[in-house]
Amino acid sequence: MTGATLSHLDAAGNATMVDVSGKATTLREAVAKGRITMRRTTLDMILSGTAPKGDVLATARIAGIMAAKKTSDLIPLCHPLALSSVKVDLAPVADDTGIEITARVRTTGPTGVEMEALTAVCVAGLTLYDMCKAVDRDMEIGQICLHHKSGGASGLYERTAPPSR
Amino acid sequence: MTGATLSHLDAAGNATMVDVSGKATTLREAVAKGRITMRRTTLDMILSGTAPKGDVLATARIAGIMAAKKTSDLIPLCHPLALSSVKVDLAPVADDTGIEITARVRTTGPTGVEMEALTAVCVAGLTLYDMCKAVDRDMEIGQICLHHKSGGASGLYERTAPPSR
Amino acid sequence: MTGATLSHLDAAGNATMVDVSGKATTLREAVAKGRITMRRTTLDMILSGTAPKGDVLATARIAGIMAAKKTSDLIPLCHPLALSSVKVDLAPVADDTGIEITARVRTTGPTGVEMEALTAVCVAGLTLYDMCKAVDRDMEIGQICLHHKSGGASGLYERTAPPSR
Amino acid sequence: MTGATLSHLDAAGNATMVDVSGKATTLREAVAKGRITMRRTTLDMILSGTAPKGDVLATARIAGIMAAKKTSDLIPLCHPLALSSVKVDLAPVADDTGIEITARVRTTGPTGVEMEALTAVCVAGLTLYDMCKAVDRDMEIGQICLHHKSGGASGLYERTAPPSR
Amino acid sequence: MTGATLSHLDAAGNATMVDVSGKATTLREAVAKGRITMRRTTLDMILSGTAPKGDVLATARIAGIMAAKKTSDLIPLCHPLALSSVKVDLAPVADDTGIEITARVRTTGPTGVEMEALTAVCVAGLTLYDMCKAVDRDMEIGQICLHHKSGGASGLYERTAPPSR
Amino acid sequence: MTGATLSHLDAAGNATMVDVSGKATTLREAVAKGRITMRRTTLDMILSGTAPKGDVLATARIAGIMAAKKTSDLIPLCHPLALSSVKVDLAPVADDTGIEITARVRTTGPTGVEMEALTAVCVAGLTLYDMCKAVDRDMEIGQICLHHKSGGASGLYERTAPPSR
């Protein structure tokens, strides 16, 4: 990326929404992941029983989906987009230290949807924090990064860097 | 916290907005932090020059402040609150691997503002990601946690756990 | 509809936004209706005079149109859509027991607009309730259903079931 | 209510937001109900199994709660309010023809919360419609009315009129 | 105002939401005005007849009222406030060159409502522009300023400067 | 424009969102301008120094860009649009009496973007007012008008009328 510059600043260094009117309308997809770490007892509280589990995870999943639709309202220079699919998955991490959040977003449009996927992950994590904070204030949200991106002129991206560098 | 339960679920395990009508209206404050890690060259691009620096950091700061005001619209069971102060600080981390985000929020009301502070941190981080993603897609947002909380019946909280456990 | 399943749940029963990226972009239209029933004296108050009538009905009509545009922000799994037309009509019902609300919405896109039409009807009804509640708290909003839908793979739908079954 | 007038119109018949600056700040509560009627097979699909049930009902419940917080954004002349509690219950109606929706909202403020409760009912109903419309387009939302209101100068209201008059 | 500084910048020049947690909760009011100038024939089109007049002016009035409630969502450093009254008046200017817009907003809170009144004026003007632009694209919105402000530590303000300086 | 009528009213004079489903999807652009006039000392405070300048102007610029994306949420009969570019420029006016605001918006869609450009100008102006109001309450926002519009059936528009007629 020799000579690369920050795309959201004009020549004078002012913030600007990048002009995408010349970009092709293609199918684009992005996958982002993140996790919320918590005490083992907190995780057990979420996973044990059936009814509570349903609503804690369901609430976070729905919050993540709805947040993806609000991305351009939250991120100042993001383009508004008509999303064609949003999927948010929540699963305990392997060592039972928390919950991993995965968001997959698709659109047919002129720009990518990595910000929508990342926003869904963040807000799902924040919602889990909110619902468990009465029993555990030490929770931490992290490892939020892009894992896959396809479609558009920049081509395929698959994350290779290890998390939490 | 023996016998603690998830406050946002009723006896049947259904999601519910906690009733705060009996809680005292007091001055409450919360501080949350997080960071976005990036390549050294990406960080240099943000920090070098004067105009670009102004707008990249200014945009993230404003996005964080505005997001704090949208918290109850994003997090399903959060109470709407009249915030009395929101401050978002951005500074390079000591080893030049990224930018640390600190949000401080105050209100005079019946509930705490930790979710507002955490939301401001997340959205400021997402905005930095958005503005730099054209040059660095490997960035990672993490270490998002509550550092301080005061006011209200639950008393003072100061984070003692090390980050990234 | 043998073998039909709830389209907004994945195989594990989790809420998900249906993927419409493979669906054709066609002209789609939906018509929904509903009504608010009220005391005869309340209805007279809305209809009598000229200025008051203008603003009560105008306010409800505008609220309905604006709500159609907010549908994907209200209904968690609805796709955001670029609406090409929204029309809300309000008329006294034949026996003077209230006001009938009709919403007609059009788009050129990959999904139908029945939720937008139904949302416009609901919010127009809620607005009429709000403006008249000081004189009549017994009002009731009901008979909200889809009457017509065209465009897209599922073809034409015309409601045949009688209302208030 | 002799001499009653529509409170949201000024002397010239123009829409206006009622001035509540002189009203007392007291605890106020409102309960609204409504129902969505559907085919028996559609209802079975919602209620059978455990995971699907969780997410269909959970999604509608969360949508209703979030909509209560958006009431003043939807209803033009509604005052913005800091809600202290929102609860949405969903239960099959006695004769298995659909689902009854009950919303209970509380605030400590200068105006009532009946519009917030009614809005939560409507949007929970619309969300159920959205999630089941792929298998049943004949569903109908109705019987939306206020059942209880307390607090404030106008005193206690308990609905006595039978539904669907 | 010797030594006055821009209140929304901290010592380092960074944007910040002013801390109002120490300010008194009092009744505050603000009045703002502005106008949209247009061709005589455009104005006649708005004012002639009864039904059209109702809806053009009613739509602008409602848009202005709703915008006042969205002020803190639009203006980055504005505090969210519970407004107790919003009134928007529209009247032809004396020489028939357009429409004068007046917004009066009240709250009982720790900060003033001049931004809410100014925002209502702007959005009412933009709505009039939108509804008339098919016949007149030369319209101009201007003379938007604060005319009155009372309540709070800064005391009474009455505009004395002539418009359009 | 003989026989021209207000496009947002139907035959009965009711407000309606114009049906654009038959209009061509083309590249459209609009440029709007406006200004905020202020005391010389207020302008100096914005322009002097480097850090403060960055954040006052940056905040207004970002507020304007974000407002363009909210246009259809503010203006009742505006169509929601997927904007492809938004640019907001701020510069001192020639005689140092204030700041001129220019917004340029582009889309590829069935309707024009003049309302988006005008909304960006208004909200950038309101944000400048908000940030400077502690030192100057006499500021005035005005001369808001469309300067250029291209694309679509109505063809090219270039403003020729002098400002502040």
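All chains are identified by letter, namely A, B, C, D, E and F, in their written order; residue positions are counted from 1 within each chain.
Note that a residue touches a chain if its C-beta (ideal position, glycine included) is under 8 Å from a C-beta of that chain, and two chains touch if they have at least 3 such contacts.
Here is each chain with its UniProt name: A, B, C, D, E, F = Cyclic pyranopterin monophosphate synthase.
For clarity, every value in this text was computed on a predicted model and none was experimentally measured.
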item	value
Required steps from chain C to chain D (each step between touching chains, minimum)	1
Chains in simultaneous contact with chain B and chain C	A, D, E, F
Most remote chain, CA-based centroid, reference being chain F	D
Repeated interface matching C-D, over half of the contact pairs identical, chosen among E-F, D-E or A-F	E-F
Interface numbering overlap (same over half, different under half) for chain A and chain F	different
Relative to chain A, chain with the most remote C-alpha centre	E
Separation of chain A from chain D, taking each centre as the mean of its C-alpha atoms, in whole Å	32
Whole-Å gap separating chain A and chain B, where each centre is the average of the chain's CA atoms	16
Per-residue overlap in chain B, given as positions that touch at least 2 other chains	14-15, 50-51, 54-55, 58-59, 61-63, 66, 70, 73, 76-77, 80-82
Chain pairs that touch, as defined at the top of this document	A-B, A-C, A-D, A-F, B-D, B-E, B-F, C-D, C-E, C-F, D-E, E-F
Residues of chain E that touch chain C when the two form their complex	50-51, 54-55, 58-59, 61-63, 66
For the chain E and chain D complex, residues of the former touching the latter	27, 58, 61-62, 65-66, 69-70, 80-89, 106-108
Complex contact set, residues of chain C against chain A	10, 14-21, 72-73, 76-77, 79-82, 109-110
Residues of chain B defined as touching chain A within the complex	1, 4-9, 12-15, 34, 37, 45-46, 49-56, 58-59, 62-63, 66-67, 70, 73-78, 97, 114-115, 118-119, 122-123, 125-127, 129-135, 137-146, 149, 157, 159, 161, 163-165
